[in-house]
Each structure stands twice: as structure tokens, then as C-alpha cells.
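Got a structure for you, questions after.
For clarity, chains are labelled A, B, C and D in written order, and residue numbers in each chain start from 1.
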Amino acid sequence: MAGNTFGTLFTVSTFGESHGKALGCVVDGCPAGLSLDTEDIARDLRRRRPGGGGPAASKRREGDEPEILSGVFEGKTLGTPIAVVIRNTDQRSADYDRLKDMYRPGHADWTWEAKYGLRDHRGGGRSSGRETAARVAAGAVARVFLASAGISVQGWASSIAGIDIPGPGEEGFDVNEAERNPFRVPRKEYDEKINDALEALKKEGDSAGGIVSCSVTGLPAGLGEPVFGKLDALIAGAMLSIGAAKGVEFGAGFSAASMKGSENNDAPFPAEGVETPPGAKALPAGVPSLSFRTNNAGGVLGGISSGMPLLFTVAFKPAASILRRQETAGRRGAGDLVLEGRHDVCIAPRAVPVVEAMAAIVLADLLLMQRCGRV
Amino acid sequence: MAGNTFGTLFTVSTFGESHGKALGCVVDGCPAGLSLDTEDIARDLRRRRPGGGGPAASKRREGDEPEILSGVFEGKTLGTPIAVVIRNTDQRSADYDRLKDMYRPGHADWTWEAKYGLRDHRGGGRSSGRETAARVAAGAVARVFLASAGISVQGWASSIAGIDIPGPGEEGFDVNEAERNPFRVPRKEYDEKINDALEALKKEGDSAGGIVSCSVTGLPAGLGEPVFGKLDALIAGAMLSIGAAKGVEFGAGFSAASMKGSENNDAPFPAEGVETPPGAKALPAGVPSLSFRTNNAGGVLGGISSGMPLLFTVAFKPAASILRRQETAGRRGAGDLVLEGRHDVCIAPRAVPVVEAMAAIVLADLLLMQRCGRV
Amino acid sequence: MAGNTFGTLFTVSTFGESHGKALGCVVDGCPAGLSLDTEDIARDLRRRRPGGGGPAASKRREGDEPEILSGVFEGKTLGTPIAVVIRNTDQRSADYDRLKDMYRPGHADWTWEAKYGLRDHRGGGRSSGRETAARVAAGAVARVFLASAGISVQGWASSIAGIDIPGPGEEGFDVNEAERNPFRVPRKEYDEKINDALEALKKEGDSAGGIVSCSVTGLPAGLGEPVFGKLDALIAGAMLSIGAAKGVEFGAGFSAASMKGSENNDAPFPAEGVETPPGAKALPAGVPSLSFRTNNAGGVLGGISSGMPLLFTVAFKPAASILRRQETAGRRGAGDLVLEGRHDVCIAPRAVPVVEAMAAIVLADLLLMQRCGRV
Amino acid sequence: MAGNTFGTLFTVSTFGESHGKALGCVVDGCPAGLSLDTEDIARDLRRRRPGGGGPAASKRREGDEPEILSGVFEGKTLGTPIAVVIRNTDQRSADYDRLKDMYRPGHADWTWEAKYGLRDHRGGGRSSGRETAARVAAGAVARVFLASAGISVQGWASSIAGIDIPGPGEEGFDVNEAERNPFRVPRKEYDEKINDALEALKKEGDSAGGIVSCSVTGLPAGLGEPVFGKLDALIAGAMLSIGAAKGVEFGAGFSAASMKGSENNDAPFPAEGVETPPGAKALPAGVPSLSFRTNNAGGVLGGISSGMPLLFTVAFKPAASILRRQETAGRRGAGDLVLEGRHDVCIAPRAVPVVEAMAAIVLADLLLMQRCGRV
């Protein structure tokens, strides 16, 4: 598969360079008959927009007005490809002219040239974070489909600049706060501390990393294909396809590596009275409904959803664009580089809707897969 | 894609249940003209075999004699599918009869039934660790191809039962030791400590998790497809497709999330005199050869290999099969379960060749992709 | 996709050279819970076997005993990959040694070397008609699945050596006769005429072409994906993937090119009382059940099945292996070639189960697709 | 794969309904560094436009101004997805309002509803011939790539309304005439006869079918994947994915079915002095260059290109939209239908660039495949 398409039945193709005319996506395989309008997409694009993010955010204004070109008729999806275009309007290419012959540290400038021989030096091109706007647009379509099946995807920043925020089940955790909060953290008390840390880094011309967590609820048991198409394998691939992601873990994750089996195993118990989620196939005849005492597994057993919330966490490196002088190299040899312009100090808050979008795209695909009726 | 095939140009399909007649793989897309014989595959299967692994290892003897059915003629690959079959010989299905109606905690027994309605209750079926023998066989073919291009994949256990082993660049690290060592740890002094920890767990009827690290050297710059087909995205998906894997990270990984950009960015510098690896395309005209002062990125920038070693780490949960009494449920309701039989206390040592195999399969695919001449 | 795997959800991979150890297939995506045993596969392999075919048939005995290695437990499919192996037992490689350096006219010997640089000169390797045994084995699995949904695939030879046999709706046509008949022709009276024609060609050391027709009944409306995944597009691709196929047409086919629209359009009418086939989804709410006065379309409109029988026809060139002296070339230049050994005079009769198998594989895939619930 | 994407390495996704805002394509996998501008695409779109086609053509004016949104920078392809959008400007939806509840004979109206439950009744939606504009745009990109490798794709109408036009090698055949000719026929003398036939049909409110032939020159030997990915299999699938196509044949095609092997086999001979085409890999060491005395095979042997011109023929049914009263059915039962509006009498002339486009897309994919270096 050429690398710009994702999925098997619910597929997403994205296109567009950061400083070209437009970027966009084509979503293929979305079921017919779902209500969908531009605002469903615009809403998620606004959540991704800088400016909600305090000093962490770049001052670029990305208007990001999506236009749906196809696949929707009289407010309903047709089952045909849904093409969405977002015009680029605020690119300031001039900022980038100096970069024509220098490779920015931490960016893909040189590896891109090593692969293709040329690049759009006005920005990261396809490796720019801007490409994720197209993913968020596609993810919004996926979320509409998932919502019709009672499935909800919710992310938040769980660590910023080394400051860890308490997680689900810990005191003060409020996932709705993440929606109101410029840093997408689920506990209001951390605002000021994070703000101070990022302001300090901004003064130094430096940047910070962060961690994004995500929870999916309403997921029926039985999603995920065996062996290579495991639910967690597909989510992991989707997450590491986001530019600055450096790691992913599920449930207890890396900490499970130092646990005992007796601590880590989640005990099953009969879950009488639990209803089949609206989008799910009923369990096959004779298979009982179960639940689990704990969720170290993060909602996935043997690559197949267990009906418990899917929980995973994605590590993001600090933003590569910093304003401090850096050693680097270019087409004409070694040299120092001082970047200018508007850059995010920490991308984690803006990465939240991207993480959600990619998870939604994976799950939409697996939900269709499950419906294909392998039983 | 049905879930038992992996890859785009270099594809691997695996088949076989843990207690069926046989398991095996079909490797499609392997270039013609490579020297390949059964011993190339048998060697890696022996590295995966229990028994080298001290008390960590199950006492099952898996003879694992591979038979190549196709794709090789007079000792050379034909460019046609290479089918390898490994007969199951030591299954002891009787051990599993009691499990027909009970779901083992930490296993995929119930999620599998929730998906398919029935399962081969004699063992994990396709979700058994035994399935990885087929991957190792396929990986051995991939490694022969990679070796012809000067690329080497080497893994080791970097943490077992919570005991962390010093990594590359730290004192006493010797990757060759991992090959001699029953626990696949790259520092001999840790043998005894690990042995004691695992023996203690075994007496308790309990199990341990672990972490496997992997380094790929000889990789040219330019491997990996943009956006969704990133090198690290494909590796991440491959790693989480291994049964007990719960997380993966690249280079600085999760620790990058608390670093500053100025600490994390790897500084590039002109790498004069560095030769193009034998299997690589030369860099496009005008693109200089570079190297990097550090490797926090783990060898990948913007999803494309940088020419630095690819470094990644995979977390494995403790083995789910423990001999302690556990609460569980079955087709007839709740109940306790006491497993018997032979089980690995820690699977990390045996996971090392599986991690290597999956990495090799991904890289073989990307190497063919790069050769397809997108420039 | 590497070229030896076919399909999206119901996938078939084949492997094996004509003169290697074995050939076989891996069928992935077959639903769980279907009754399947070795005899289901062996039956179709016998239909493909030479010897039923009078003088048209090669005297090679291909025992073709299939062994199911995986995916079936206690007589039921598990939903996991079904691997089937057929050992090669009667290869007589010696017959082929002279061909090491000569390219047989009409065969893929040279194009294969032009692509791969080497070949298994003992026969056609993967381009041998023998490879179709693996397809027939996979098709038998697909047919079991289709039968569970009330879908039946039936082929016959409709022209041999230029002798056209009357088709459906014409006097004396009896599709069951094709099963009893060595030439797979659906009208007994043509036996002798065909036998004489083929005997005459055999004496000349020459060969004949033929045409195979196929009808699929029980197919629900709504199968086929729009645009590139059209039902007829997939069938056409599947048919031309059979070695000696040179053309395919649907319904009125090439003759439609000289018809008027008013002659060719099939008039729809309400089909009250027609029941939804057992494997089909019910029609969406508000969509009436229709039938058609004629079937020039061959059962497909806009790439989607109409509920009328799917009808198509495949042209096969005369067998390339003839015993007459032929001009050819080899590694050492031009030269004449006289083939020896056992060869089919006309492959059309033996191609019937191959055509059926490929059609069944396509339809199994599309049936799963339809079930994935795009509505 | 969802049905709106085609190809493996060089992939084309199309989107857009006939009466929606726009249609377009995303071409992924096109090599970097090729010169490409809007005019390359506009040129082929003009060839597809009605109006060149005399009375055969619909009077709809389709402006078809393509806009390239991505993948091209400073006149060169970047190796990233090339998105092209064509706005719909002349749709006259009002013409179609009466069709909301009636199914047009010969169209996909009902099969589409049977699949999706709803449709854009303003026209054929995705099953409209209008969708092929997006294919032609994508094909234009493929042709630029093929041209860089010395490969040329040229189609013509070889039969219209039952009038057969002499083919290659026959007297008066001039493929360049097809470019000047409104009916795309390669022999000027047939103009008047065809014009008369189509005018007569137009007066009757009826329509005509036709046959399109295509020749590809400059193709190196070795293109095509074995078994399922054969060159002719992929072309056949691509051709039958065109709405009104009912059959395809290669070289001698259906007539080969009544030939003898000794007539049909093309004799190979050493082709000294023949140069490797510019885009082709050199033949592997030791493999001689060959040519063939005849080309009954149509340029493909065992699914792999032979270096001879690729020759194939596609049958198109008569246009389904006729102005004569027709029996049909709708949501409310049986009824007669009289279509109005502008419709092509024969689509074959306009299908020529579509056939070329689909062939070019297949060949671009296989050319990349060949370059991936399986040898």
C-alpha cells in the first residue's frame, strides 16, 4: 500500500503539503444513511487548533474551514467516498525560505530528501504536523459512525513537560475538564503549574514533550482480528504514525513488565444484565457475557476487545522546532541554525484530537470487520 | 485484509493452531536468487525454543523441524512463495480438556469465543504463543534477504522480573552475550540474580514480565513510507501483534516526553566517507550523507530511517498461565481455576527471536518498497 | 500486494511449483462454524483431474490428496486460516531436463526468466496449470461457505475445438450432463463430435482451445463494491489470472456491442413473493424486490449483483504444449524444439472447476463484504 | 479494500457523485521529480469531453477544469499524494427529479439502493459515467510517469453500432486518425457511415454499443506479477470496472478458442540489437533478449509482459439511457418510463480515454512493482 491510505474497509487517504494549496482526506467505506454535516468536522478541527492551548500553542491561525465535496446528499452519507478539503490560508512561506538548504534538527527534512531527492522546503510538507488536520477531519467522520454504535473516544494530556497529571480513578480526575482546559488536562489544578513551566521554556526558546492518554467506552467485545490485525497492534501502528509519537502502551503497559502474573491478570466474572452495546453484534449462542475485576489489560485480550474500556497512552517528544541556536548540516555542509517564527512549545494538547481521530479510524474499520460476519 | 497476513510487497501469512496438525507460513515477495536452506530457518527456531531459558522456560519440547515446501530450487529462492510447515508433535491435548468450559484469566479464551462462537479449547489456538514459531520461520527468510543487503537485526532481554539490565553504551553491555545466555540478557553478571528471581516465582506458581530491546544496524537512510506507513508505525504494529506485548517505544521513548527539545534533538553533521550500505540505493543526486551526534530518535525521523541504528523496546506482560488458584468464569458461570502443566515463568527470553523476526519482516517489506524507485 | 494472494476479507494464498515438493493454499477469513472435511476438497480436485477428459486429457496421474493442516477442529471451521497441502507425486522431472536452456513457445519460460533471472526448469513452476489445483482446493472451501448461503456455482465447456455447444435456454441444454461428461459439455450429443476432433488433433500433435461458461444462482442483490471493486471487475480479474485465459465476457458480452439500447436493456418488474436468499441481508427498508424480463446484463448492473443469475464466459487458448516441431529460441540462440511427454490436447474441460473455484472465491469475498453492514 | 481505491504501489482513489459539488482523485505513489502541470491533466479531460463525438455525444458541457491541490511543487511531483479536483458545473439536477422513485432500465439505480438503501437520485451518483472524469485525471498522471519510461498507451474505437473498423496491420489503419476523428476511429472513411448509423438511432431515441481497442508500446518484458497479479488479470479487472464494459480480450482473444496450438503459439526468436526501453530494468544476467514472429498472445505470456505490444479490446454495451418508452419498476410498483435530456447515443468514443487511463494506471503500478527489485 502506498503510505497515505490507512485501513481495510473503512479507509482514509490524506493528501496535502503544509504550504501547498490545500490538504484533505477521502474517507471510503463509511456506511450509508448516517447524518453528517460540515460542522461535525469543523468542531474537531477547532479542538486541534492552536490558540486554545495557551503558551503551548503556535500563533499561526489555521482557519481550517472544511468543505465536503462528495459522499453526502441531503445531510446523509451515501456510502460513497467522503472527500473533505481544507484550504491552506496562513502559510507565511517566507519564514521558511532560509531553510531551503539547511536541515532542521529533529525534523524529517533530510530523511525526506534522502528518500525522494527533493522536498517542499516551505515547511515539513507531508511530515508537518499540519497534515494531522486531514486526519482529524477523517476522524470526525469515523466518530459519527462510532457514535451511531454507542462508542465514544476521549483523550486527554496526562503529562506535560514532565508534570504528570492524575489518571482515571485517581482523585480529581475529570475527563470533561480536559475539554474546557487549554492544555487538555483532566484536572484544573494543574493549569497554573503547566502554564508556568511552558512559559519558562518559551523564554529559553525551548520546548517540552508530553503524554496523551485515551479511553474508548462502549466498545463491544470481539473487535480486532487475530494475529497481525490485533486491536492493539492496529492502534499502536496508528499512534506511531503521528509525527512526534515515540511510544505507546496499553493498560498497565510498561509497568506490566515488572508485575507478577497474579497481579496483572484481570479476573473475569459473569456480567449478568449487561446489555449488548447498540452497534455490536450479539454474543454468539452459548457464549456468556463477562466483565473483569480490573483492567490491566487495557480492554484487549489476545488482540480482541474485551468489552472493558480500551485504555492507551502515547508519548510525544518535545517539539523539534526550538528557537535556540542548534548545530546542524545542510546541502553545503555543517552550520548553525537559529529558527524563527511561531512554533508550539508543546504539541501534546493539540495532539489529543489527533490521537482520538486515529483511534476512531481504527475502530470504525474494526467495527465494519466485525459486522462482516465471520461467525 | 484478513488478519493472518502481514506486509505489502514482502508478505507473510501464518497458519496453524497450537494443538492442530501443523503450523506454518507462506512468505511471498522474497527476491529470487538468494541462498536459502532449511537450516537457516531451523537455527532461529532453536533460538525460540524453550529449554535454553533456564527456569523461565516451559518444559514442553517443541521439535520444530521446518519443512520448506516451495519457493526454493537448487538452494536458491525462486521469487515464488516460500511455504514452510512445522508439524506439531508434543501437544498433550489432555492437559487442556478441563479448560473446555472455563476461560483462563489473562488469555484470549473468552474474547475469542465472543468473536467466533467457538474455539479449539486444547490450547490458545491461534492466540497461543506457539503461533510465533511460524513468525520466526518467516522472519528467518526475511533475515536472509536483509543480510544480503548488509542489515542485521539483534534483540536482547533488557529487563526480566523487574530487574533492569544495562543497555548499549553502558558498562558491561555485550550483545553477543545475549546469544549465549539462557535469559538472552546482554550481561553475564545478571544471570544468577534473574535465575533466583524466576525460581522464587516458580515456587509460588507465579510468573514474571519483561522487556525486550532490539537494534537494527546497516539500515540505509530513506526506508519507511510517509504518513501512515512510517517505519516506526509499522514496527509498532508488528510488535503489538505479538501476543503478550503491552507497549513499544523508540529511542528515548517515553522518557522523551519529559525532555526539552534542546536535549532531545539529535544534531546532524556531514558524514563524509560513510559508504552507502550494500543493499541501499545511493542517496539522490545533491543530497549529502549525514550522521547524528546522538540517537534519541532511535534511528527514525518523520517515519523514515536516518541511517542511525534503529532502536526500540517492547514490554511484555507476565505470562498469563500461572499455577496459583484464580477467580474466573466459564460457560456455566463463575468458578475458581487451578492450571496445571508446563508453562513459561517469563516469556521475554523466548520473545527475543520473535521480536527480531517481526522487525525483519517489516524491514524486508520496506527495503523492497524503497527499491521500487519512487525517486 | 505480492501476487500470490487474492481477496480482501476472504483471502486465498497459493504456493508451490509444479515439480516441487508440494503445492497448497491458505484460506483466510472463512467464517467459523461451517462443516468442512477433506472430502469436500478432494471432490473438486477429482473434477479437475485429467482422465475424466477422454483424449483431451493428459495421462499424468495427479493423485492430489489434500491434507488440511489447520483451521478445522472437530469437523468445524474455526475462523482461522485453513491451510491445505497437496503433495506432488508424479512429476517425472526427467522429461523436462532438455528444456533447461530452451524456451517453449506459448509458455512463460522466457518472460519468467526476464522477470526473475532464474526458474525451476522442470516445468512451468508457478505458471504451470498444476498451480490451479491449489486454487480448486481453496475454491472448494469458498463453495462450502457459499452453499451455506444458498449460492451455487456451476460451469461447463460451451465450445471445444471450435465446436459450439448450445447454451442455457437452448434445446437439450442440461447442466447436470456437464458433470457426467468427460468434456464437461452440457449436451450429450456433442460427445462424439468433440472426441473425433480432439483425436484428430492429437494425431497431428496439435491442440485445441475452448470456451468455459459459468452460471451462479442464489446470489442476492447488492453484492459488489462500487467503482473499482465491481462484481464483474473482480470476476474478470480472477478469470484472466487463470493461465491460458484470453478473454471474458458477461451476459450478452461482446455481442452487446452491436445491439441497440432498446434491445439490450433488461426490463425490471416487481418481484412479489420472491424470498430473500438464506445468506443474504434483507433489502433495506423501502427498497422493493425486483426481477428482470431478460438477463443481457448477466446478473450485474453497475457492478452490483441484480439477483438474476450471474453469467459469464471465459475463452481459453489452445494448449501451448504441442508435439509438432516448433521454431523457438533459448539461452544459446535460435533452435527448433520438439516437445515430448503427456500433454492435454484441450484444457477447457479441466478448466471448468478452476473457473468455478475462482468465481467462488470472489463471491465469498463479496458476500463477507456485503455483510460488513455498509447500510 | 473499500472499492474506490485501485492499485498497490501506484494507487488511485476517486471520489464524487455526478451531481455533487465536485469529483476528483488522489494519486498516491507517483515517483518524485516528474514534470507535471494542470495542462497535462486538462488535455486528457478534453479528449473525454462530449462534443468531439458528433451525434454520439451528449450535449452536456462538462467544463472539467482540473485543480491540482497537492503533490506538485515548482512544477515537479514531490512523491506525495497528488489530489485533483474537478468541480461539477453543469448538472441540471432538475432533469432528474422525476427519477427519484423510478429505476432506469440498464442503470444501477435499483442495485445501488439494494446495497445502500438510498442514493443520490439526481443522476447515477458514483455509477454515472461522469465518475470516469476522475479516472482520466488520474490516468493522465500515470501517463506522465509512463512517458518518462518510454511507454505509450493508445486507444481507438474499433467497432461502433455494429460497424467494425479495420485493425492494426490492416489497410488504412492509422492510429493518429483516431485522435483527429470525432468517433475515435482509426480510419477516416468510416466517419460518414458511423455518423449515419448514429443519427438514425438518435432519431429513434435509441442507442448503440461499441468496442474499444488499445495498444501499449514501449513496455519492457517482465511486467506483471505471477498467479493473481498477472498483467492481463489486472488490465481485465480495470476494464470491467468501467461502467458499461461487458467483456475484454487479449491478443487473439475469443478467436483463440477455435485456433490450433500450432496456429496460436507465437514463435520466439533472438532479438539482437534491441535496446532495453528507458524505463525498464535490464534483463537479468544470462537472459537473452527475444522477440516473437506473431502476437496472438497480445503481449503477455503467463501474465508477464513479453516486450511485444500489449493489445486488448473492450466491449461496451449500448448506452442505457434511451428516449424510447420503457417498461420498468419503482418504489411504488411497475410503470413505464420515458427519459428526457441529453444522453450519449454511443459512449465508445468517449470511453477511449477512459480505457487508456485505466491501462496507464495498471501499468504504472506494475512498473513500480518491477522496480522493487524482486530479482
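By definition in this document, a contact is a pair of C-beta atoms (placed from the backbone, for glycine too) under 8 Å apart; a residue touches a chain by one contact, two chains touch by 3 or more.
Quantities reported herein were computed from a predicted structural model and do not represent experimental measurements.
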> From chain C, which chain is the farthest off, judged by mean CA positions?
Replying inline: A
> Once you count every C-beta pair in contact for both, which comes out on top, B-C or C-D?
Replying inline: C-D
>> Averaging over Cα atoms per chain, report the distance between chain C and chain D in Å.
In response: 26
> Centre to centre, by mean C-alpha position, how many angstrom separate chain B and chain D?
Replying inline: 45
> If you average the CA atoms of chain B and of chain C, how many Å lie between those two points?
Replying inline: 39
>> Quick check: what residues of chain D touch more than one other chain, meaning two or more?
In response: 1-5, 8-9, 14, 29, 32-33, 79-80, 115-118, 126, 226, 374-375
>> List the residues on chain A that touch chain D in their complex, please.
In response: 1-5, 7-11, 13-17, 20-24, 26, 28-29, 32-33, 67-71, 73, 76, 78-83, 85, 115-120, 125-126
> Can you name the residues of chain A that touch chain C in the complex?
Replying inline: 8-9, 29, 31-33, 79-80, 226, 368-369, 371-375
> Within the complex, which stretch of chain B touches chain A?
Replying inline: 1-6, 8, 14, 103, 105-108, 110-118, 124, 126-127, 131, 159, 161-162, 201, 204, 206-211, 221-222, 224-230, 232-241, 243, 245-254, 256-270, 283-288, 290, 293, 296-298, 300-307, 315-322, 324, 326-331, 333-334, 348, 370, 374-375
